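Residue numbering begins at 1 within each chain, and the chains themselves are lettered A, B, C and D in the order written.
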Amino acid sequence: MVIILKSNPNQKQLDNLLSWLKSMNLGIHMSEGANTTLIGLIGDTSGVDMELINALDIVETVKRIQEPYKNANRKFHPDPTVVDVAGVKIGGGNFQMIAGPCSVESKEQICQVALSVKESGAALYRGGAFKPRTSPYAFQGMREEGIHLLLEAKKVSGLPIVTEVMDISHLPLFEDVDVIQVGARNMQNFELLKELGTLRKPILLKRGLSSTLQEFLMSAEYIMAGGNENVILCERGIRTFETATRNTLDLASIPLLKSMTHLPIIVDPSHATGIAKLVKPMALAAAACGADGLMIEVHNDPEHALCDGAQSLTPEAFKDVADAVRAILPYSFKGEQ
Amino acid sequence: MVIILKSNPNQKQLDNLLSWLKSMNLGIHMSEGANTTLIGLIGDTSGVDMELINALDIVETVKRIQEPYKNANRKFHPDPTVVDVAGVKIGGGNFQMIAGPCSVESKEQICQVALSVKESGAALYRGGAFKPRTSPYAFQGMREEGIHLLLEAKKVSGLPIVTEVMDISHLPLFEDVDVIQVGARNMQNFELLKELGTLRKPILLKRGLSSTLQEFLMSAEYIMAGGNENVILCERGIRTFETATRNTLDLASIPLLKSMTHLPIIVDPSHATGIAKLVKPMALAAAACGADGLMIEVHNDPEHALCDGAQSLTPEAFKDVADAVRAILPYSFKGEQ
Amino acid sequence: MVIILKSNPNQKQLDNLLSWLKSMNLGIHMSEGANTTLIGLIGDTSGVDMELINALDIVETVKRIQEPYKNANRKFHPDPTVVDVAGVKIGGGNFQMIAGPCSVESKEQICQVALSVKESGAALYRGGAFKPRTSPYAFQGMREEGIHLLLEAKKVSGLPIVTEVMDISHLPLFEDVDVIQVGARNMQNFELLKELGTLRKPILLKRGLSSTLQEFLMSAEYIMAGGNENVILCERGIRTFETATRNTLDLASIPLLKSMTHLPIIVDPSHATGIAKLVKPMALAAAACGADGLMIEVHNDPEHALCDGAQSLTPEAFKDVADAVRAILPYSFKGEQ
Amino acid sequence: MVIILKSNPNQKQLDNLLSWLKSMNLGIHMSEGANTTLIGLIGDTSGVDMELINALDIVETVKRIQEPYKNANRKFHPDPTVVDVAGVKIGGGNFQMIAGPCSVESKEQICQVALSVKESGAALYRGGAFKPRTSPYAFQGMREEGIHLLLEAKKVSGLPIVTEVMDISHLPLFEDVDVIQVGARNMQNFELLKELGTLRKPILLKRGLSSTLQEFLMSAEYIMAGGNENVILCERGIRTFETATRNTLDLASIPLLKSMTHLPIIVDPSHATGIAKLVKPMALAAAACGADGLMIEVHNDPEHALCDGAQSLTPEAFKDVADAVRAILPYSFKGEQ
């Protein structure tokens, strides 16, 4: 970390700053230029509150030279992490498709879709049991019963399952779940992240609606700092001024995150766009720029056909996407050599 | 709710939609125009998933005529809610200042600041015991011990206290806390909101970094749906492209929220701007446009003077702000007459 | 257009509204429901000021059923437009690469890069003569002299040239330019757009930093309304809260725009990200999701090597990108069938 | 400017960088620390392309110590600029209200509103003759005829007039206009700004929809660099994810801009919010936090009453706002002492 001081800093405040920095066991390297004085900090600065220093009267600016994330940092872990989910590998060249319905609705539905997406090539099965809904009056998911139905689908299909947790107190229900998902709205639910760090189960961490990439990695770091290195990142769109799509899918984050971290990164084109017809082109684009996998909503509702046109794909449409993705993969971006 | 159909909708899909709507006990009023058919829904549509309907192939667009929030809605509750915090009233013409340090650090600090801000006119005392921090390596607050010290400060000063909760499991520690704060990052931690709805204690709900006003009110609705009507809203800045301030303080939300809801709304100029010298002008602006109160960070650190210039004010600077705010209040916006 | 009125509208205001609508030669279809009255407007509503109507006291909401753009609208022109630039076709299945330096710097540079990118497969050559710069003290481009050098490069390489116009008064200099570019900052310079509408030369229109897709198409409509149908759209990133990349490349806009308009759409990954190493993955992603072409910055500076690592690629790196893009094209999204 | 190098920079690239910096007549001060090397640049760095340097392989980061704007910079011009518009002073403690209709519609309208707002205390009169409209099919203003009618209103009322220019070629029509307005969409129409720099007439420069404060000041700098120091800044809302208001009024920019520049800054609450009932509270808030003036839309349309409820105020509502603003002014923020 480098602190650039204003010209002619107040000596008393400077002394206070220096003694405070020393109290954190940091090496200090002063360098006085013509009209600028710089303080270089040597040692572990990950606990230093940059914003606080930046706000001091005598400080012009402060810059990290090292990133504030350690466990997630590619610099200290150049090889890509491969997360193993019950034998299914994600990352480091292993591309996987996760598919399934937004919500668990019934045993028949959840098992039928599972068999169908498995046949189309999905390696993991997703379904929502606990559903974060903007409105308290909207369907909140089948909750505990939903988890049981997902486990039925797992038994029937053999696919490992991914489902979202919303509160620490529900974790005992997730014992047989293969991947625990943290939703975008909980990306900075730090107490939950800490708790997930005590597990050894893979965690699928979704990027928050207004999270920078650095904040995203710091949330992964919360989990990893607890000892759980099995983190899969998921880009699912950010909130911008554009309302033509539900969110703005930030695909440049994929290659950029890959240069910052060794963790696998997948893309959720369904939630990112909210529009079924955009799922295929964005799935292809995600694969092309180097994502390690996709998470796609697939629904079947032959009786009501209510979801036609929504963000969910039919099992047939998913097959079409999966085939196209497999075809494009050999030509996709493989990283800087 | 009004659903506008595309021209020549598929009859089978239309029948499915109509029978689904009827199954929700909604009255249906069809109206066929020259090239548009409209479906008016009569009854309680708060549970209807607008996004789902909007995504149907046969639907052009769907518009709510009624807002999705009921308990928080000013239409059904024209008089402003006055929240009573241990005798201190907020809302309905009662303007209050909440002040105190970002974090509880020691007994001496927390009691000294309490006495000082009380003398300057603060009616409630705030301090952070559980601190949501982006980094797992940053100071996470004094936690349980911090709550105890806050209660000491309450005893010494007589000021009711406000402090943030981060997880349901910590709630037993908050029994003697007067106002429980929900931070911006937890605004859509729905399980936490539901739990707070079972209490009868006032809740201070901060707007999320990327929350629309409607989402903000829906989160208040989560608490109120549980029976707890003592909700105080807090605007604390939203995330935009502008980085000159930490967040962008959205003051137009104050009069707009007041037309949407009967709940009291306060402003936090410290977190919104992240710059101490902007606290005073933004406190004055907030008071001028009709806010029901302010929440301001005040810190004392005579030995280190480390926080000079940070977003926290010194006790002296707070006194200056408080005096200026009291002077401007009689000339502030009093609502539409 | 459908206008949904509030319940019990003021009759005098309603009469005023109706007579005003009639004065615009619009057919009016009233439809009174249980608690809502709707007004359907029949005829050409593209000149109706929706925002004004929306703001009326008696109006709950107003929705366009028809898009406000006509010439650019795919509904009225289902076949994709193929723009012909001196024999080079863009759109309707014709994918093209446009490459060249950010600024024209010297005759040697501009000719050398032209020959090099041509060999790698670029079909059009770009270079900046007039440069929009945030600072008045920064290099403003070689201007008139720059145009002459570009025309030299065209002669030498045979590649048609693309360059940006910044003001109507400079247009006479663009007579031999093949494609006139409108930069992001001028996307809503309406007087310039009108003037370009009087030409028959292809116009490359870049999306503004904070433009919605509809505003983007309305700017194309300005040019087309004047009779110039040769418009090429260019997605080049939008401004969001994320600062890790210079802008946020909104790739979902590619398939979405293709469903809205028949105009060709290309992507500029260089300006969108501002980071050279992201150009290749984002070029592949753009091709994968159905873009009609790419615009890529290529620079050579063997002596100073000053631009290594900047957003510009070296000629060698461009060749690598061009080869990879050609390889992925057969597997890319071809639109909804 | 301080350039922080990566550890172990490539020596050849470093030599290239240093010789390039020297070629710009900059003093260079190297300072090698434990694991960081810093290059301090001494002299006029306003022409140095920071982004280019930042993108070099060997550079970790680069920070300006001095702002890139000189003429607009408060550091070099501590006293506030007072702009004199035909005897009406704005800035340096002189608060003024600018009022008038969005568009000039007729002689009767424009003269009637002028007399009315003058009586309520407006010191300048605004009206749109050239109107930037998103749609080519919407009313584009009365243009030349509109300017003539504004000059009639000036004669009748004695109020100096403010009106927007959209293209350099229209400037001859603005000879008798007192203040030339640059709209938000033209804030980075650099050729127009340069031309306005050659005049000595006051320029009212509106902030762009997605402009940072620094970009805003750089656009003012374009005008000032040409010798025209009569620039009035206008905050009119920025584009964010929030759609409840048309734009998000960034009031914290007022005190922040005042610390950055000596130019007067006014606020346009009408365009910022797009909602008439928010004009009064936001006008009060703007006055409270230290703005030098307000620009407010006022319309009269007794026959059609079409604009009731739109963003325009009636003359009576404007009188109410003007009175309230005058009452609050003595209690507003007066800057840091």
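The working rule: a contact is a pair of C-beta atoms (placed from the backbone, for glycine too) under 8 Å apart; a residue touches a chain by one contact, two chains touch by 3 or more.
No experiment lies behind these values; they were computed from the predicted model shown.
Annotation of chain C and chain D: jointly contacted by A, B, touch as defined at the top. The pair with more inter-chain C-beta contacts, choosing from A-C and B-C, is A-C.
Relative to chain A, the most remote chain by averaged C-alpha coordinates is D. Per-chain Cα centroids separate chain A from chain B by 27 Å. Chain A and chain C have Cα centroids separated by 31 Å. Computed from the mean C-alpha positions, the centre of chain B lies at a distance of 39 Å from the centre of chain C. Chain C has residues 210, 239-241, 243, 275 in contact with two or more other chains. Partner chain B is touched in their complex by these residues of chain A: 12-13, 16-17, 20, 46-47, 49, 51-52, 55-57, 68, 132-140, 166-170, 185-186, 188-194, 209-210, 215, 218, 221-222, 225, 239, 274-276, 304-311.
On chain B, the positions that touch chain C within their shared complex are 2, 4, 27, 29, 31, 33-36, 38, 40, 42, 60-61, 63, 65, 239-241, 243. Those residues of chain D lying in contact with chain B across their complex are 210, 212-214, 238, 240-245, 248-256, 259, 272-273, 275, 277-278, 280-282, 284-290, 324, 327-328, 331-333, 336.
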